[in-house]
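Each chain carries a letter (A, B, C and D) given by its place in the written order, and its residues are counted from 1.
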């Protein structure tokens, strides 16, 4: 309230920074709102799929093939239904309800995304932390493995791996995690390396903490803001890669309603029934945008340096 | 000199690791080239005979040792699919991929630099927001979806744009190399160049857009940060215009973090050629890779993976050197 | 006609006043001190004169005249020409005021007046003038190899090299080691005397003001509290705030005496007088 | 690596349609040609690639679009009385693309090469049934080392191409890959693997020079790319596109369509493991599938429902063997084995996806129909490579969808290879079926052989040891001004396209 405080912007070194900080703050808030909305919708769809979805997402009806969304459906007689809104977003080339598949697709997206991110983060954090904390030959060995891993073309490797492991939900999750753990390992290693040299680690050492307890209690919490951001990005990446694998017809089969599956299928009938592809593409893009926005915003809020 | 040796040594070590991993993975994949060749009615004997012929009857380590020994003499084996030396196929296809990647990177650089500089120069909230939004969208849509969108858009709105191949096979020219684009440019055949660009622009755009978005995010942030520095204010007092300051003062500093982050993104772009080439029927190494996987052409997959790995490693090295060169603080303290 | 004449200048940050009706006159060959605590608006005044205000801070009223020309009424391009030709800044923080990616020589050469024959030699001459050792080598190097004091010297050289009429020094010594501060101060005064420019010296340190300034403007809360000749203010501060400020300043001639902080009660009263919250 | 191409026309910068001139035929083709050796190697037994081989090379014996046989480079052929020898008359007046005449020596060399183990010819086992060739003028004779009644049908089938002996020995295998020559209606002009091949008319072709001066096969494995190609006018003709797109494009101005049932069927292999050893389950699965509905709705009518492995054009087809759609019967059969919709029988079904039109979707629909009678099948998508591997190791799931091409229409290459236990390509493996098929391999009397296979087919249908679904229909879209004679063997031959 005091005018002295309102001038505090003068403290910012150089004038240009002040406007920037303000806009970053407001953009971050905007991002947070958008991210929360998108992820909230995704989570609600995922959690309550059985209650929200109007139909069984795998139930086909060969009499309802390629029915347009309700507001465009002007030939109810042909399809033999009374209420177009029973299939609000239309049906696909097997007569399955697009809306229901979209909702169950959200569920699978969350399962794939979160499992991959957890697995990749777990592997990456453990290896990255070991490498960063102990250094020496452990660091050398782990860094070498990361180097080798980063030298594989990811799409090609995932296609080969899925060909090897089969096309189930589990194998897709494993494949994406196997390919992407290096992202976490690299970041965590660099950060731990930096933290290790700080005074408070020595302080903890002096008070007799074991390596593990120091790592868990002192080092990792400081790495956490970056991890949270990475985690959100990774979920988006996992969902995208699943789509890619579906796209080359290598992903989850058994009629499971994944967005990738819907896109791959919709592409074949795009001129006939654009809605089969358009809705999952929209859902995918909004989800990734939401995740990225959330990751950016969280980094801003969690990182004391950036926030200042 | 010592540094060079260490670098070369570590490249070889990494490639060796890559080769071991891919070799083992490939032999665990169900389905093998022999099964692909067997016709209706072939007997087990025929199968055994073919396995012997392609050296697949030995143990995995033994196969690896044989393969490695040949690779030492730059013999990557014969493609079971094309019945030509792997090396020859790769050398034949690589130029198409490299040209695509080059064009895509060029597009990405031009777009990202133009937009970042524009945003920072204009300093208008609505423009900044619009550019941020565009970049976010471009990044959220993966390259293969862009390709899909482009192909659909072309059939709907611009049927004169080609969506497959490198050039129209009905109209072709004499090329001494497989670098058609570069060669037509160097030999000043501009009509041919324009025609080749027409074929390359959509796949390059699909590949380049996500990269452009990635670079824009980094570069714009770095530019904004640089513009908040005192030396920018000082430059203002020297009477420089805002554009001159963005270009003359901020850009150089903003380049440093941009280079570091772009190399990672560039490897994603190159990895993306695997899908994009297939979608646009681009006769490069990426589409060859997919057909090699589908047909279980093991020697070819191994060769291609190694080439990708080598390219990735070289890009990382190059970006490290570039990073050093761009930052005077590193240059002198080396 | 004075070199610089600021007429009831008011600045606002999105509606909130930053400067209120500030008047200031600087004559050629004069060193005019502007003192105040952090947040007093003194640096903002300098930036307003130079036309490098932050994006959200706008001039709401008043005029800034340089040799009679109202800078605020000029087209931005014309104003930039004025800036380039007639004004210069010695910035607060030498560490961040030099572009790390450009050589010292490049950053100095660009301010030299148009038509300078041998820019390279001129740069080295200026580096010598600010007493930078092995100037030839330094000219070719990037800022990170120089110490803070060296960088500030280079920046001072840059400020004077453009042969301006008005130099604004924005707390030029605050970021420096105490040992270096004195030398730099000397240097500035010396160059000012040699070139005869008008110099606006922004600082929070009355001590420094006492040493080099001819006139002093005391600022607080965005307004001018008191303006007087330097000796007058040091010896007979008229305004209670000036007195308090003076009491809070260590003075070489009053060694050993305890320092009195500016009383909060006084500040609060002043704020109440200003009539805003 | 030097590309020997024609001059770049200035018009290249205009729209693609500007090139749709009558002398060039551009085909948006669904598979990529990997190798030019039509006898040896992976692509040799790939049925989809044969159109290109048949444009460049001649076969010993050719096939009409309706699958009937006609002379190729052989004008006459047959066995002697006791089937210990074969004779072949080699055509006179045929020339290789380099101008050399096609000689009986070429035919002998090609047959001998095809029969050699070390070349890696996958059909080697068949060609090696002939040996001790003798040449007398244009007549080639050979001993029958092992009798195979289908040998002359195979001479119009996979790997049965005549290659130039002298040229091949001169340039070697690699040289031949780089610049192949044949004696067919078109010569290879330019070939960019994974991209396109450009063929030039061979004016000296013994069957008369074909109509188009230039033929381009663009390799476009992606169906939507092929659709875009014909829609934008970049290609004149394409095939193997989704039926929805076929209907849409055929209705468009400037484009026409033709569909033909081809010698390719979709079937569900049944593996004699687990629940599939229960005949009730198998029969219930067979009776629960409404093939007509699948064809009508899912394939928009483009398909011919079948009940045996013989399509109507095949030699052993008979309309008498049928498997009715009868879901009530399925429920009864399942009930007899203790299954119901509440307690469904469970097994896995494998399928390709996007390899044949609506393959995956069909299996989705099938499992949907099964669900209604009490069969719960879990779908697993596999690639062709994995299917081959699993099939060779007899490790397929209890049910596995795949397609089976048979352009010579012989029952031995349909029912024979796919149901005979010892064949590595069979999935069903029981003694009763083997005992029925076994004697037919060497049966000399053609009528007895065909009737025998018809009996086997009836027995298999009765016991539901395989579930044939439909005969595929090949959709072809082409621009105005062309006329296309579709080939039942699923070929798209430029020789069969003409402009009008």
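One rule holds in what follows: a contact is a pair of C-beta atoms (placed from the backbone, for glycine too) under 8 Å apart; a residue touches a chain by one contact, two chains touch by 3 or more.
Given the structure is predicted, the values throughout are model-derived calculations rather than measurements.
Novice: Going by the stated contact rule, which chains contact chain B and chain D alike?
Specialist: A
Novice: Counting contact pairs per chain pair, which pair wins?
Specialist: Max contact pairs: B-D.
Novice: Per-chain C-alpha centres versus the global one: which chain is nearest?
Specialist: B
Novice: Among all chains, whose Cα centre is located farthest from the one for chain C?
Specialist: D
Novice: Taking each chain's centre as the mean of its CA atoms, how far is chain B from chain C in angstrom?
Specialist: Going by mean C-alpha positions, chain B sits 53 Å from chain C.
Novice: Measuring centre to centre with CA averages, how many angstrom lie between chain A and chain D?
Specialist: 44
Novice: Mind checking the centre-to-centre distance between chain A and chain B? Centres are C-alpha means, answer in whole Å.
Specialist: Their C-alpha centroids are separated by 24 Å.
Novice: At least two other chains touched by the same residue of chain A: list those residues.
Specialist: Touching at least two other chains: 13-17, 163, 267, 270.
Novice: What residues in chain C touch two or more of the other chains?
Specialist: Those would be 47, 52, 55, 92-93, 96.
Novice: For chain D, give me the residues that contact two or more of the other chains.
Specialist: In chain D, the residues touching two or more other chains are 224, 227, 383, 385-386.
Novice: Spell out the residues on chain B that touch chain A in their complex, using ranges where they run on.
Specialist: Against chain A, the touching part of chain B is residues 10, 13-15, 17-18, 21-22, 25-26, 28-31, 125, 128-129, 132, 136-137, 139-142, 144-145, 148, 152, 224, 227-230, 232-233, 267-268, 270-272, 274-275, 278, 286, 289-290, 293, 301, 304-305, 308-309, 312-313, 316.
Novice: Which part of chain B faces chain D closely enough to touch in the complex?
Specialist: So the residues of chain B touching chain D come out as 30-33, 35-47, 49-50, 53-54, 80-85, 89, 92-93, 151, 154-155, 159-166, 168-178, 189, 191-192, 194-195, 198, 278-281, 283, 287-288, 291, 294-296.
Novice: Report the residues of chain D in contact with chain A in the complex, numbered from low to high.
Specialist: Listed in rising order, the residues are 223-224, 227, 242, 244-245, 248, 293-294, 297-298, 353-354, 360-361, 364-365, 367-368, 378-383, 385-386.
Novice: Can you list the residues on chain A that touch chain B in the complex?
Specialist: Residue positions touching the partner: 13-17, 20, 23, 27, 144-145, 147-148, 150-157, 159-161, 163-164, 236, 240, 243-244, 247-248, 263, 267, 270, 281, 284-285, 288-289, 292-293.
Novice: With touch defined as at the start, can you tell me which chain A residues reach chain D in the complex?
Specialist: Touch residues, chain A against chain D: 59-60, 62-63, 65-66, 93-94, 163, 166-168, 249-250, 253-255, 264-265, 267-272.
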